[in-house]
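Letters A, B, C, D, E and F mark the chains as written, and numbering starts fresh at 1 in each.
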Amino acid sequence: MYSLTVSDHVMIAHSLAGAVFGPAQRLHGATYVVEVEFRRAGLDANGLVCDIGRALQALRDVLAPLNLNNLDAIPEFRGRNTTTEFLAGEIFRRMAARVADGAIGPGTAGEIDAMRVVLRESPVAWAAFEGPLR
Amino acid sequence: MYSLTVSDHVMIAHSLAGAVFGPAQRLHGATYVVEVEFRRAGLDANGLVCDIGRALQALRDVLAPLNLNNLDAIPEFRGRNTTTEFLAGEIFRRMAARVADGAIGPGTAGEIDAMRVVLRESPVAWAAFEGPLR
Amino acid sequence: MYSLTVSDHVMIAHSLAGAVFGPAQRLHGATYVVEVEFRRAGLDANGLVCDIGRALQALRDVLAPLNLNNLDAIPEFRGRNTTTEFLAGEIFRRMAARVADGAIGPGTAGEIDAMRVVLRESPVAWAAFEGPLR
Amino acid sequence: MYSLTVSDHVMIAHSLAGAVFGPAQRLHGATYVVEVEFRRAGLDANGLVCDIGRALQALRDVLAPLNLNNLDAIPEFRGRNTTTEFLAGEIFRRMAARVADGAIGPGTAGEIDAMRVVLRESPVAWAAFEGPLR
Amino acid sequence: MYSLTVSDHVMIAHSLAGAVFGPAQRLHGATYVVEVEFRRAGLDANGLVCDIGRALQALRDVLAPLNLNNLDAIPEFRGRNTTTEFLAGEIFRRMAARVADGAIGPGTAGEIDAMRVVLRESPVAWAAFEGPLR
Amino acid sequence: MYSLTVSDHVMIAHSLAGAVFGPAQRLHGATYVVEVEFRRAGLDANGLVCDIGRALQALRDVLAPLNLNNLDAIPEFRGRNTTTEFLAGEIFRRMAARVADGAIGPGTAGEIDAMRVVLRESPVAWAAFEGPLR
């Protein structure tokens, strides 16, 4: 199994509802370093899992509506806790839609077997979501 | 599959018995950066794999009896080589017991599907143990 | 010249006023990895610049009122842009007061010649403030 | 499942053929930080997945013919795009042959269940190949 | 003294002339992670050393003619060994010209006291050039 | 001012005498990642601060008597606390003697203006010693 991973980052504000969050119930923020791994059984005719430039652009596009924003004010997230693990899942779902649309390469859509999305929130904590694409 | 990983470190002395270890048969030491990944199929009602604060505390508690110690003098390790991979397995087993006891959250015990423990001993070598929790 | 550096981190929300900030004028946030370097010409009788444990605790105490907060709501920062470089200077000043109070060791107050505070906001940007302590 | 990972690096030149590569069609180069993970169900009598020193030496030997070279001039790679993911697969195959030859320990050959090879080409892109050894 | 640092990277091929370089006399390559630190005594009215976005863009512009190229074929470098330390100096000089031109902000030109440019070529070696700007 | 930095690591055991050290009075250990920076006003005829290969070898030679040892048993350290900052100074002095002996290049001895030695003991603490060489 081959894989290719690309990385970018976002800087966001949010708050988390529930006593379990303690002081993180207050409005605070994070720099999330985001990694997306694309897994594929074989390489294409160019020797690629997918084009790195397209993969980086697709990730940038997915992150754009989050970056430099307050997640508490984004309608899709209303009533949800935007925990690091939830966001990993959400970015996975948005990237999966891009892959299906051919954003990382027209011949790539049906070829990526699985993805893994990692969000690093600090030197001591990070979260991930992974799953099959087909 | 979601996951959450937390990290801490310990500074220990030990020696390793067996010609294969060469100069590492001498008493020496290591800083181990320890990462514990908790894997879970879905998130809880708060949007969490588990509480980061509790996970960090559980890891700190598991590492406390090792930290700033000579592993050669710890009774449980008598007659064992405390290699990096052995320690990864040992920390896995101790963390698994904590998870079962509800240390990372009362509703978490039966929900964590698997864990992975990584110990980084230098910029060029690290070891891990992973396995199911149920 | 000897030096000792300790590191911790905070997760904050803030916004920045002024057209130069573009989208960062919106409420957003950051994880700041904070490093404080203490410089000293010679070592004390124990062979130390200062006690690492005390230095880490002093840094934690200085960071506590910022951590998991919205900097826009902190009275001391009213009317100030809490840029990364401004915060580096502010943390420098607060750490300097701690050093003067003996927080990193009773005999250390007059011995630390200079400090450098670094705040890392993302993999591609960080800021610092350094200056003499006497 | 236990694992041990060792790391080294190479500095190479190459070019990549195909319009998808854009400016990377020109002769350019990379520092690849290479990680090889060895996976094994149980530990040997010494408490090891395999000897770290031997594993590092085997990796160094596999990387030697690539290091400080122009991959375009290496006969085995003629007509192939030496993409990061292709090289991960190639280093996997060469390491697998070393493991089978007993290079990482005479008793290790049949015991390593799987390997994973990662090549980091920049802070924002890396590739991997993983597969079973038996 | 305040400072702001921004980072980017390039992937280049080159060869180095002289017996001291041993196998690095052959055509090979490198990923250079490049950091540029801007030092300034005080902050501007916005609380900035300079605008991070402009600084990143200026660095990208300076690196563009090097990136994904064979440095041996660049006319300005004819007859020069493009060692890591030489390139650090060269990027310093090109960035200094940009700063003087107002590329990192119209009011910044005369305010930056000094710069430091670091090029990281591998996990075990990096080089830098630093100097005053006025 | 140009500089070149090389890095290696050692794994040692030691204990520290004095109530200030708390639990670190016990025998424990550390992985020290060691960086040595060589500073020089101009480059040599090859475009170098010094040969990276020789610098790495000189560092390896200086670290060899410490690596995989118990520092408490090394005669030169008897009665001294081998704190991270003390070791940074000690490695500085030993590297300085190597530089003076021509170990990093015969023409380099009188040309290196200053050195800085950093020892990283954990993700949250490191120490350094720097000083002039002439």
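To be clear about the criterion, a residue touches a chain if its C-beta (ideal position, glycine included) is under 8 Å from a C-beta of that chain, and two chains touch if they have at least 3 such contacts.
Please read all numbers here as calculations on a predicted model, not as lab measurements.
Contacts with subunit C and subunit D are shared by A, E. Among the pairs A-C and B-D, the greater number of C-beta contacts is found at A-C. The pair C-F is the one among B-F, C-F or A-C whose contacts match those of C-E for more than half of the residue pairs. Averaged C-alpha coordinates give centres for subunit D and subunit F that are 31 Å from one another. Subunit A and subunit D, compared by their mean Cα positions, are separated by 27 Å.
Each chain gets one centre point, the mean of its Cα atoms, and the points for subunit B and subunit E are 41 Å apart. Annotation for subunit B: residues touching 2 or more other chains are 7, 123-124. Residues of subunit D that touch subunit A in their complex: 16, 18, 20-22, 80-86, 88-89, 123-131. Taken together, the subunit F residues at the contact with subunit B in this complex read 7, 9, 11-14, 23-24, 26-33, 67-70, 73, 121-124.
For subunit D in complex with subunit B, the residues that touch the partner chain are 1-8, 43, 46-49, 51-53, 56, 105.
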